[in-house]
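Written below as structure tokens is the structure these notes are about.
By written order: A, B, C and D. Residues from 1 in each chain.
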Amino acid sequence: MVKYTKIEFLAACASTHVRDGENVFGGTGLPLLAALLAKETHAPNINLISEAGFIDARPGEVPLSVADSRYYYGCSASIGLIETLGFLLQGGRIDVGFLGAAQIDEYGNLNTSYIGPFESPKVKLPGSGGGNDIASSAKRLIIMMTHDKRKFVKKLDYFTSPGHLKGPGSRKKWNMVGGGPEVVITDMCQMDFEPETQKIRLMSVHPGYSVQDIIDNVMFDLIIPDDVPTTPEPTEEQIRIMHRLDPHGVYLGKGD
Amino acid sequence: MVKYTKIEFLAACASTHVRDGENVFGGTGLPLLAALLAKETHAPNINLISEAGFIDARPGEVPLSVADSRYYYGCSASIGLIETLGFLLQGGRIDVGFLGAAQIDEYGNLNTSYIGPFESPKVKLPGSGGGNDIASSAKRLIIMMTHDKRKFVKKLDYFTSPGHLKGPGSRKKWNMVGGGPEVVITDMCQMDFEPETQKIRLMSVHPGYSVQDIIDNVMFDLIIPDDVPTTPEPTEEQIRIMHRLDPHGVYLGKGD
Amino acid sequence: MASIIMLKVCQLTEAEVMDKIITLKEAAKMVPDGSSLFWGGFGYQRAPIAFAAELARQKKRNLTIHTCGSEVDLEIMAGAGVASRFEIAFVAIEALGLAYNMRRRVAEGKVQVEDYSNLAMAMRFLGGALNVPFMPIRSLMGTDIVNKSRYLGDKKLKVIDCPFTGEKICLVPSLQPDFSIVHVQRVDSNGNAQIDGIIGEDIEGSRCGKKLIVLAEELIHEDEIRFRPDQTKIPAMYVDHVVILPFTAHPMQCHNYYDYDLEHLMMFHKLSRTEEGWNEYLENYILGVDDHYGYLDKVGWDRLMSLRAKKPLGY
Amino acid sequence: MASIIMLKVCQLTEAEVMDKIITLKEAAKMVPDGSSLFWGGFGYQRAPIAFAAELARQKKRNLTIHTCGSEVDLEIMAGAGVASRFEIAFVAIEALGLAYNMRRRVAEGKVQVEDYSNLAMAMRFLGGALNVPFMPIRSLMGTDIVNKSRYLGDKKLKVIDCPFTGEKICLVPSLQPDFSIVHVQRVDSNGNAQIDGIIGEDIEGSRCGKKLIVLAEELIHEDEIRFRPDQTKIPAMYVDHVVILPFTAHPMQCHNYYDYDLEHLMMFHKLSRTEEGWNEYLENYILGVDDHYGYLDKVGWDRLMSLRAKKPLGY
């Protein structure tokens, strides 16, 4: 049996959603680890782009920043933000983007800005960064979150980045370039979006969790399909590669 | 006595209107020759810019095109049109631009587009190029033309680039970045603009021409001040330098 | 570790995209009659002359050409009846004089020119590259460029009151033509392109078209691109097709590769003064040869070699 | 002939502009309380940390900072009370966690953040550089970034119907701050600057400010600039003042010069969790030293030297 941590499961699971040949906005952290893992396994031809300006990057170890020089060596172009977020992303050329969030609602809308009321926020979070741009314009969006009930809310404290907004027709109203979120991956389960309502739906539960565990850990009415499979476990190779990419355990922690 | 051609006079005269240290849009042809002459004589520190993307250029011989590689060697930056016409010119950083024209009216408005009616033009001229941008946004505009009565018209066949439009207040109405034309230099005379009316005014006549010659060679009512001096002649050094810059006589003709 | 990753990916990537490299004939064949094209190069620099000539040989018709300012290439396309609409700021043979073919075709009513300024066209390409519908500029206002239009009518541009400041501002509509045609110095087989010297409007122009065809003087290995990624002016992901050909811009110039051929250029300009002269040139140098190499043979390799650029001048 | 011209001009130009080079202290002194600043660098790369620290030492107050996303530098300016308004898209210490100083100052009401996205801020700088009042973008719409504002109110942005297509489009107001602060690898005495690696938003940012102060790791001779003019990312004519200092970005990185100092960065982040910890850092590393060299001495040159970048990696 393969031994893995929650974080390793989350990253390995997310990596399976990247398809070979895609143009991928990797960012940093777990999403980047997932993208790099995909590139080293089933999707060697993905074109990894950092919004700071790196195109077709092949970092040997995981960068800590979207602007990290570790993105540079071996990349095929090194430019700037107008290129990546403007020409490429807004131009409709990015297949898949990754985002995390502090809060998500049942349409996949995201908050990365504030906890508490806007007028007197309890916690200032990082903000949109390129998140709103990626959520608006990437063809598909993969959302990665550690699972915490308080994050799956009925109403966001602040609406930073668009998921499916208020459901069918919403993205079209604003002429959004991209298709919106496709999947939400946590350390407990995978969720997708029901096509008719564009509301979040349980897709699979990770080994060791039940459907009820998930229901208990979201604050909105989660759509539960009749058949909820168990998410496949990561392979030993995936875990080995992840640790090679993050040798200092910045994202994965110190060893397993 | 210095021997010179009309073209040499025109270029030498225009060069005197460039002030040391200025940021100058040189273009090609006689204006560029005038700017280069200024740089080699009284204005060594001008920053010569070509709209194609060359900044602080120091061509050893006169380029034939704004994009000519002769602009490259020794320049301090080589970029593109958005940089030169957008960031620099529209950004209000260009002190002086040069333009020629096929027709000019009494407010210094220019036609470089069509001769004849717009609906069925007799002659298609080059068009604006960067001319409209330069006329709109350079702080000062120097206009150079060979003198021909048919060019100094009451009404332009086509209004390509703004001079003082309809007179006082016109440029302000459109929030133009630049100040408009300062001087018109021909092979017969120099003209400036009367401050109150912003209409064209005789400034000096070149040796060999009378005030009446000029009046006879414009098709609008030229303002004639009480005192019209004679334009100083070019020096031998100026003529020598011009021919060094245009060794093949592309602009100056095949020697004198 | 890094090298292992790179090796693996290199091989796969090259295999996948090797077919981006096509011939000039194949590239021109992809352009249907009636298409719209962004046309790269600026003035004498990196003009895709060979592509214009091939379009003429293939008897393409009713193209719309979008560029800031071009010269011999526009003359070929206007003269040979390839293009009937031009949205441009400038056409002439700088230093030599008017564009006679264009002048005749306009007078005949066979060509329509929709007039903009250089900045306006560059901003239309920038807007297209950014995938937004318009861009604001401060020039054009108060002139006939605003007041008169050939065929775009009220879609040519709009002068509005700025919603922030209340001041007048001009909006020019963004362009996303069917094709972008761009001539560069070097490209790898994936399509990563390097440009030397000035860029003109080719950064924006290469990104605004629905398909991008890159014409390059020289093929380089991917390693050269990845060793100097900050020299990549057009990343491969924009590039659909690559054509490798020497002297693509002749009789114009290509920085660091060759100077303009002033003698040929003056001959071209002189002949184009009359329809007869132009037809002579067209027959001799364009229709009468099989392909670009036929043209270069006709020009003569001794002359071509004498045009090669000298370091460090670049011409 | 060309060389004669160049020699003459070189001497004059250098003499004229040599006084662009000033000290960090002099540069910071030029920034009055209440000024607005474009702040260069992106993420871990080329962050003008030394300038932020000097602003803190000089007790500057009520600055408004405009940038896409920055990290330690913004934490210093928020923590030390230098800046009270931020128009930004992002603040955190990537990979490590939240920006605690910013979090506390926002909770205390001492700092107001007007929220945009990275593209929105980059376009605001582009619009400022182009000297037009706004730029159109396709993101932000439908979210609270449109609906909520701290202090700009209806000047924060506008959603309009496109006058060409009728579709909804978002206009963000252009920025022309009092100063642009940009950190680069190399500069000549005229101010011509080269940047290695990614640019982030520094092309647009360096052109949008009313005054531009360039901080460079290294001074190079004008000949090096003129030999490679296509490497010039910021031409001298934009540059008002130049500051030459090593390790300006420490503990962040500067491509081809030095890597980030992860140990120092983690120490900074850990201390900033509490006001006490932050005050300890502020006293020790910023207020308790005379200048940037004092800071570097405190960090230790053995450590600094160990951070130097290895070729060809650049870090």
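To be clear about the criterion, contacts are C-beta pairs under 8 Å (C-beta built on N, C-alpha and C of every residue); 3 or more make two chains touch, one makes a residue touch a chain.
Predicted model only: the values in this text are computed from it and were never measured.
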item: Partner chains that chain B and chain C have in common; value: D
item: Farthest-lying chain, centroid of Cα atoms versus that of chain D; value: B
item: Pair exhibiting more inter-chain C-beta contacts, A-D or A-C; value: A-D
item: Distance from chain D to chain C - Cα centre to Cα centre, in angstrom; value: 36
item: Between chain B and chain A, distance of the C-alpha-averaged centres to the nearest whole Å; value: 58
item: Between chain D and chain A, distance of the C-alpha-averaged centres to the nearest whole Å; value: 28
item: Distance from the mean Cα position of chain C to that of chain A, given in whole angstrom; value: 40
item: Shared-contact residues (touching 2 or more other chains) in chain B; value: 54, 72-73, 78-79, 82, 86, 90, 177
item: In chain C, residues with contacts to at least two other chains; value: 130-132, 137-138, 167, 169, 197, 230, 312
item: Pairs of chains, among all present, that meet the touch criterion; value: A-C, A-D, B-C, B-D, C-D
item: Residue ranges of chain D touching chain B (in the complex, touch as defined); value: 1-3, 5-6, 8-9, 12-13, 16, 129-132, 190, 192, 207, 222, 225-226, 229-230, 232, 235-238
item: Contact set on chain D toward chain A in their complex; value: 41-45, 68-69, 88-92, 94-95, 98-99, 102-103, 106-107, 109, 113, 115-120, 122-123, 126, 137-145, 147-148, 167-169, 197-204, 253, 255-256, 259-260, 262, 309, 312-315
item: Contacting residues of chain B [partner chain C, same complex]; value: 28-29, 50-54, 64-73, 78-82, 85-86, 89-90, 109, 113, 118, 120-133, 135-137, 156, 158-162, 165, 170-171, 173-177, 250-251
item: Sites on chain D touched by chain C in the complex; value: 127, 130-138, 155, 158, 160, 162-165, 167, 169, 171, 173, 196-197, 227, 230, 312
item: Partner chain D, residues of chain B touching it in the complex; value: 21, 23, 39-40, 44-45, 47, 54-56, 58-61, 72-79, 82, 86-88, 90-93, 177, 244
